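Multiple structures follow.
Next, two complexes with subunit A in common: one pairs it with subunit B, the other with subunit C.
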Partner chain A sequence: MSSWYFSHLTLIQGMLISIPLALSVQIALRSGVFSFASIGFYGIGAYGTGILTMRGWPVLPAMLLMIVASGVVAYLMSAPLIRLRGLYLGMVTFAFDLILTVVATNGGELTGGALGLLGVPLGMTTAGLVAAAVVAVLLVSQLERRAVGRALVGIKASEELVMSVGVDLRSRKRTVFAISAALGALSGSLYVSTFSTVSPTSAGFTLIITTLTMAVIGGTSSWIGAVIGTVIITWLPSLAATIGEYQHLVYGVVLVLVVMYAPEGVLGALRWLWHKVGPKKPAISTTGPPGRESVVAERVEEGLSR
Partner chain B sequence: MTQQMINGAVLCAVYVLFSLGLTLSWGALDVLNLAHGALMMFGAFTAYVVTQHVTLPLPLLFVIGVGTAGVCTLLLDVIVFRHIRAKVADKKQAELLTLIAGVGAAGIPVTLAVAYTHDSPFGIGHLDWSSYSLGDGAHISTIQMLIIVLGAALCTALALWVSRTRTGRALRAVAFDGETAELMGVNTRALSAVTMLIAGSLAGLAGMLLVIYLGALTPGSGEPFMLKGFAIIILGSVGSVWGTAIGAVVLAATETVVISQTSGTWVDAISFAIILLVILLRPQGVVGKGLAERV
Partner chain C sequence: MTVPSLEVRDAAVNLGGVKALDGVSMTVESGRLYGLAGPNGSGKSTLLAAISRLLDLTSGSILVGGEDVMRRTPFQVARMGLARTFQTVRLMPQFSVLENAMLGADQSVYGGSFVRQWLMPWWTRSREAQVRARAEAALERLHLMDLRDEPPLSLSYGVQRKVEIARALTAEPRLLLLDEPTAGMNRTERDEIGELLLRLRNEGVTQVLVEHDLKMMVDICDHLYVLDSGHLIASGRPADCIREPKVVEAYLGRGRRAAA
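So, the complex of A and B:
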């Protein structure tokens, strides 16, 4: 067991680091916010924490500062952004990610240019990564359970409906945007203090593909989907050694296929199975995970008809 | 000064060709194809792979490069995007899935190119073009003239197609209201296929002209172009051919001035600055209509 653990340590660490990032994308998509911005904040978190710790900051304060700063900046940024129509938001946040690559490449000594930061002090234990992943999961899962999260599902189903029952749509979306950014920054900070390096390409286009694949393959309707997706995408390349340099091609194909044939992801398939073979329940239940969205949608509708 | 105007005009023509495809599919079909930049690179890359095996005349290489990008975009639409549009009734959800599928699809050509070239620049030769002196030290080469002429000609042709022809009118009808257009007898399937083929071919042409003009592209060359395409579209408003031309002129002129005044490393940041400025100062073009209106 322990020899297996040590020979797969990098993968385990990578998986734990990816969980907050996958969650950051999942929470945005779940709320119908077409935002890729958290990938950019991953870069900001990684570079920020790297630069601070290389200048003698202890890891934890540096990480906290970057996470809080990213959340606050994202909250401020979101004011003009969330007014944008769907595709425009996707485009602008995509552009945001790409421009950060340019900034990182041209940052001179501060960002280390095209090579990036090398020799960032290692300050993260695997236990710390586990703790961070657990905190991220708890945060997102609690958010989903509470009224905020349920209103967010409503945003995706029908914005008009949610607004009509008195939910402040704008502030909910801005909160999601900020949390998503903070999760992205957390993941980036974890990465740089575990692997001691970050380069402009680490937060570029391939990371967008990988993270989207993680979130979408698992299913964006719940945090469980993001975790399932992260586990699958982390272990897939090691199971099929032949993938090698074609890793991102496989991700691309998988992403397209999932979007086409199973937009609810693995989680959707599991739910479907659960409905088929699981215990029969009344169509509208007030508890339990299966079909929570439809329950919420119906509740919103009820509220509307009353 | 004259030299810089020529450089700016060449840049502008390439931007126009690239962005027209992006804005056409978005404006008419609500498809924001995030694989557009990757397919631009892939057209030129395919031509490069062919030159590694056989020697072909340049026009044939153009056919290969333009055709590859055009056909790949068409296939992407027929196999993936159309499937999503047909299956997902909710328009917003369909747009989101299309975005994600585009990102996934972009990974395929980029990975192939990275694997083949080991992530290094590739070119297809044909670098010796005769150059003409214009006085005051400025030169213009045949390839530069070709790029400028093609950019202007195709932009005009596309504008005329959209505004004057029967199919162009049908396209605008689809953009305005797809379902009603279909009820009026517009063959939306054929029209969307033609649109995507044109969009992809324009990207392929931009890629071919670039790889010859610059001498080389890299597998990642498509990404900064997406950034520029976004800026141009947001300046010129989605779906407008002349708007795209104006956006391209503004971006190319600004970039040319910045390159001549600074070391040029920040030039890609201009696109992002333009995007931010438009969103902050003139959001009317990009912000959704009031929700009450849409219900």
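So, the complex of A and C:
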């Protein structure tokens, strides 16, 4: 057991670090906010924490500062952004991530240029990573419950609906944007203080695709989906070593297949299975789907009552 | 003299060059049931959207409870006691019938900041119970309690519309806007809804009802407004209103009127 643990330690750490990041994309998508900005804040968290700890800051204060600062910056930034709808927001936040990559590459000594930061002090234990992942899951799972959960899912169903029931739509979307950014910064800070390095490419295009794949494959309807997706995407390449260099091609194909055939992800498929084989509730005869028969029956009934 | 529950003054809406509403004025007194009729595309839904502030007026103004709401956002108007149903059903497929109904009262019962709603389960517990009780009462009135745990999309269209009404009732509104609440329902279900609206009226809920079923409007409404191509063409007692030549013409066309 322990030899397995040590030989797979990097994967285990990577998985734990990815959980907050996958959650950051999941909560955005779940609330109908199609944003990749959290990947950019992952980079900001990684570089920020790296730069601060290399200048002698202890890890925890550096992390906290980057997380809070990212949340605040994201909240301010979101004012114009959340006016954008659907794909447009996706494109702008995508560009935001790529611009940050360029900034990191050209940041001179501060960011270490194309090589990035090397020799960042190690300050994170695996237990610390577990704790961070658990806290992230707890916070996100509370966003799915009670009035908060209904309002956020409502945004995705219909923005006009949630406004008409008294939800301050703009403020909700901005808050989701800020929480998503803070989770991204958390993940980046964990990464840099675990692996001691970060380069411009670590928060670029590849990470966007990988994280999106995690969230979508798992299913965006709940935090459970994001965790399932993270586990799958972390272990899939090591299980099928042959796909190594075609990894991103495989991700792409899997992503397309999932979106086409299982839009609710693995979680949705599991729920469907549970519905099929799980305990049966007594069927209610009066409420079949509005098929042909029920329409006919309705018309007959209407005719009779005239 | 009492302040009218709702007042629309000279409202106009231009949608890409089309005048969806043009100089419409109407007064809605508290505790009465108003009908809003008119052929397809006459501006009924546009007017409801404008009243609930989901759509901006090009000119004119709207007063809810005597207060000009043109600078208010939709959620602020909702918090003033306005609730509505939509012409196209808007339900959350992931949630049960009960939870969909609960959405209607969440904000008014919970109140408080986002952080409180998010991170203080001990604070939310009693509020959650209160919202649930309200939603169950609304479902009871619509005879939906047996279906409370069902996902809404597994239900027939008529039943989905009832869930939509239940959500609006859960808000316990003072002013209720109903956009074709009985579309897709059979005669029995329609009569049921008609009776429910009359009962709500007697409880003091002011209502504006958009319906294609003119017979139902004549049966239950206190007052009828008729729109055609964005203009108000008739207003008055429902039974009189629908006999006015302009109204007959709007519904049946010029030729038919000559034939009649």
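In this section, the second predicted complex is superposed on the first by the 279 of 306 C-alpha atoms of A that agree within 3 Å, B and C clash if a C-alpha of one lies under 4 Å from a C-alpha of the other, contacts with A are read in each partner's own complex, and residues count from 1 in each chain.
In this section, contacts are C-beta pairs under 8 Å (C-beta built on N, C-alpha and C of every residue); 3 or more make two chains touch, one makes a residue touch a chain.
Quick caveat, the model's predicted, so the values are computed rather than measured.
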Of the partners subunit B and subunit C, which touch A:I99 in the superposed model: first, second, both, neither?
first
Just checking: does A:M163 make contact with subunit B only, subunit C only, both, or neither of them? Give me first, second, both or neither.
both
Is A:F41 touching anything from subunit B or subunit C once the two structures are fitted on A? First, second, both or neither.
neither
Based on the superposed arrangement, let me know which partner A:R172 touches: subunit B (first), subunit C (second), both, or neither?
second
A:Y191 contacts which: subunit B (first), subunit C (second), both, neither?
neither
Contact-wise, after the overlay, does A:L249 reach subunit B, subunit C, both or neither (first, second, both, neither)?
first
Check whether A:F205 is in contact with subunit B, with subunit C, with both or with neither, and answer first, second, both or neither.
first
Is subunit A touched at more residues by subunit B or by subunit C?
B
Mind working out whether A:R146 is in touch with subunit B, subunit C, both or neither, as first, second, both or neither?
second
Just to be sure I read the superposition right, which of the two partners does A:W223 touch: subunit B = first, subunit C = second, or both, or neither?
neither
Do any residues of subunit A touch both subunit B and subunit C, and if so, which are they?
160, 163
As the complex stands, subunit A meets subunit B at residues 29, 32, 34, 80-81, 83-88, 90-92, 94-96, 98-99, 101-103, 105-106, 156, 159-160, 163, 204-206, 208-209, 212-213, 216, 245-249, 251-256, 259-260, 263
Okay, in this complex, where on subunit B does subunit A touch?
26, 30, 32, 34, 80, 83-84, 87-88, 92-93, 95-97, 99-101, 103-108, 110-112, 114-115, 220, 223-224, 226-227, 230-231, 233-234, 265-266, 268-269, 271-272, 275, 279-280, 283, 286-288, 291, 294-295
In their complex, what parts of subunit C are in touch with subunit A?
52, 54, 73-75, 78-79, 83-84, 86, 90-95, 99, 102-104, 106-108, 110, 114, 117-119, 121, 124, 127-128, 131, 146-147, 150, 154-159, 167, 171, 186-188
Subunit A - residues contacting subunit C, complex:
139, 142-143, 145-148, 150-151, 153-154, 157-158, 160-169, 171-172, 175, 221, 284, 287-290, 294, 298, 301-302, 305-306
